[in-house]
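Have a look at these structures, which come just after this line.
Two complexes come next, and they have one chain in common, chain A, joined by chain B in the first and chain C in the second.
== the complex of A and B ==
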């Protein structure tokens, strides 16, 4: 069925296996050098702390344990909201895929709400759910639901007709068709949606913590403003990036180990 | 009594107003254990006929009767083999794919595994059962489809250009294997192809279609050559000429492109 495509450059992973790591390392080194060079040119170092000052702030935040606390607070909100949103999104996407009635009934809401940023709901969420954890988790779940639901639905649309027909010709009823064919066919797409949603969850939790929280990386960054603690802000910002990077890689690894076989289901 | 019977069939896609009829005045009777090959170029409605028998689609007029009852939905009594590899579940291994029918029917795990391993042997893929479809060649995947159908012990096999996307050498091997398999258990087969050699090799009767729309049967050619059939015999060549002439008469110019002699 597949036609052979013309060879594209560097498709063979053996070509320069160590090269990506070297490029990675060089790229990061260049970043630090540039960071240092820019900070050295600032007349007021307090506005743009260099790597040294930032590292000192990092050491202090690590030593007094506050960074770990903030990471834990943000991560707990992200993961709780992400998990809740992913489950709801998966269910919603599957329902929309399996039932035309539900698809057309829900579609206008999904495509209306997904353009309303989770951040826009934060003030209302705090009024409805209070200043505690539930308002942040709710907003993170909100942004996750749509990405996961829409991707899951796309997965439904991508199921080859022959796959459905083959299962029906083997005697599969509606339930069996769903659990043996449709759901597994959508897993790969749902996972992709979750990966996209993770970035949205990070964005949203920071905004929520800046607006209404007393802990978390967003709070660390916004509260540092009062003391002109730009080095602490830098720590918060860089930690967010590193944390997102690590969580994404962990997500890829775990999903590969547990659901890897469904990745073949293109 | 015929095993599969289509009578007075008209088929048009529903809900399109004055849409063209793909099939019109189409009648076909297939006897139990008979191997019928439908031939004609793309777009002449052969796949539609197969879909009607499979229960994937329903005629606008006329009746499709299988084993005395009107077809209302697909079922394991009519195994379907598709052209591409889309119908195999890519996350399941070869064995798990073969087991699918018995699993749907609720057979116990150990029992269905035993059955699947037997059929894996039968199609010559012993020891390949742990591989996923993406790790198998096109010919192997079609063998898996065949085993998956056979495991259900269906008395009717519906094959929609099953070897159309396979390289010529593998295709020839698969054709011979299918012929041998059919000799052993004599299921009723409706086989679709646009390859004249394949049709003569396998068929009891070759059903030459008229071009669509309003497609119907142009000519029914019985093939009485002794089995197993030998592509190199002069009688085979004579039959080839006859089928080719029927196709050309029915399709004019189109047939030349569709029936390039291998």
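== the complex of A and C ==
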């Protein structure tokens, strides 16, 4: 990251060493000061709680265990739906890549449904599958399937023709070609798709919990509206950000530890 | 693999080799001519299965395709669908343009000025993990249930994706292009306006395209929970009165709008890529 491309950027490499940390710290400090200053201007702290009140709400929610419960509920829904959707998406993407018949048969649905967000299905999923966990898991899986399938298919399209020809020239059969050339070439793309899908899964689960649930971070945020507990909302929002960050990094770490040369960069 | 003999493209293709396996390009061409047949066959089968399955369920649970189509025509005729679609599109476009304008400006600034980049970095990296919908509740508390909170929600959803992509675009400007401009005597402001911004446009459009998808997802929840117009409202309303056919219509309309906007962006991006390869 030492090479800079933008023309107006500082071109002296020595300036870049200790500076980032200081600017980071300053930038975060300014944020908290501004937050405090804005909240102090509100006559009713309930409308815009400052950092102090928010932190107090956080401590309270951590102590009575309700934050941990809501995190666990949201995370369980996300992971279950994400795992189900990833497996189905990978299978669908591979089938679409390996067989033209399946690709053309499935193509209209994939291309139509991927523009319909999982959120739009929440009322129908609730009606068909009930208010319980299965409707949320189904909607999260729905969101994941398309991101993973489309990316896996893109991976199929990106396999260099020379690689397939080389394998064929060396006498690989259809099955060997699939397991030793096509599948490994798609893994990286499938992982990218899963990483993208994770953001969609968070978005969808929060929406589902806002519309039809009695637990989870989305419910925590929407239910605090009835009590005007804005500080609890802030805690929920900040927790979601931290959770998304942690899950993204955990996903990278797992791919790094288990997938060897197929892992994702950074 | 049967080849349609009447198809001109297939007829022009070279004859299959003696080995039995055809040249990949040739196979691809043959397959392309088959695609429309399989597509339409697949859709017909789906509609038949749907029609058949709907006989076993009450229409409130699974309306038949004919009934859904009838409702679609009816809601177009009465102007209901157009009215709600207009409300949704207005909110999405307003919020999207606001978010994209701020996002592109901040992205260009952060891409070009190191200080701005470092100062923005912690926020961009934190808030891009916050689902926009989570902000719906505080926005409603602060700004009421009118248009403003929805527009701001969409702007928020658009903002961070656009910033991230714009910064990536500024980073990826080919160095030789910058060097060439500098060598030909361009001033920093000229380089910015004539080299950096045009080279970044494809990235910006990609970011906006992703953001548009998130915007359409976010607006549905906002309208479901706090609005009296819009497709999300229609969806929630249809659920309350158990009009599942109307729910299907709203869902399909949302999908069609998302599709149309996405295709527009793809077209724009292709034009931009053609000019700046």
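Methods note: the second predicted complex is superposed on the first by the 231 of 266 C-alpha atoms of A that agree within 3 Å, B and C clash if a C-alpha of one lies under 4 Å from a C-alpha of the other, contacts with A are read in each partner's own complex, and residues count from 1 in each chain.
By our rule, a contact is a pair of C-beta atoms (placed from the backbone, for glycine too) under 8 Å apart; a residue touches a chain by one contact, two chains touch by 3 or more.
Keep in mind it's a predicted model, so treat the numbers as computed, not measured.
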item: Chain B versus chain C as contact partner of A:174, first or second or both or neither; value: neither
item: First, second, both or neither for A:160, with chain B first and chain C second; value: first
item: Comparison of chain B and chain C by chain A residues contacted; value: C
item: First, second, both or neither for A:248, with chain B first and chain C second; value: second
item: Which superposed partner A:262 touches (first chain B, second chain C, both, neither); value: first
item: Which superposed partner A:184 touches (first chain B, second chain C, both, neither); value: first
item: Residues of chain A at both interfaces, chain B in one complex, chain C in the other; value: 161, 168
item: Interface residues, chain A side, partner chain B - complex; value: 1, 160-163, 165-172, 176, 180-181, 184, 261-262, 264-266
item: In the complex, chain B residues that touch chain A; value: 54-56, 73-76, 78-80, 82, 84-91, 100-101, 103-105, 132-134, 138, 148, 152, 158, 165
item: Sites on chain A touched by chain C in the complex; value: 4-10, 16, 19-20, 23-24, 26-28, 31, 47-48, 100-101, 104-109, 112-113, 115-121, 123-124, 126-128, 161, 164, 168, 199-200, 202-204, 206-207, 210-211, 217-218, 221-222, 224-225, 228, 230, 233-234, 236-238, 240-245, 248
item: Complex contact set, residues of chain C against chain A; value: 21, 24, 31, 34-35, 38-39, 41-43, 46, 61, 111-115, 118-123, 125-127, 129-138, 140-142, 170-173, 175, 178, 182, 188, 191-192, 195-196, 213-214, 216-218, 220-221, 224-225, 232, 235-236, 238-239, 244, 247, 250-252, 254-256, 258-259, 262
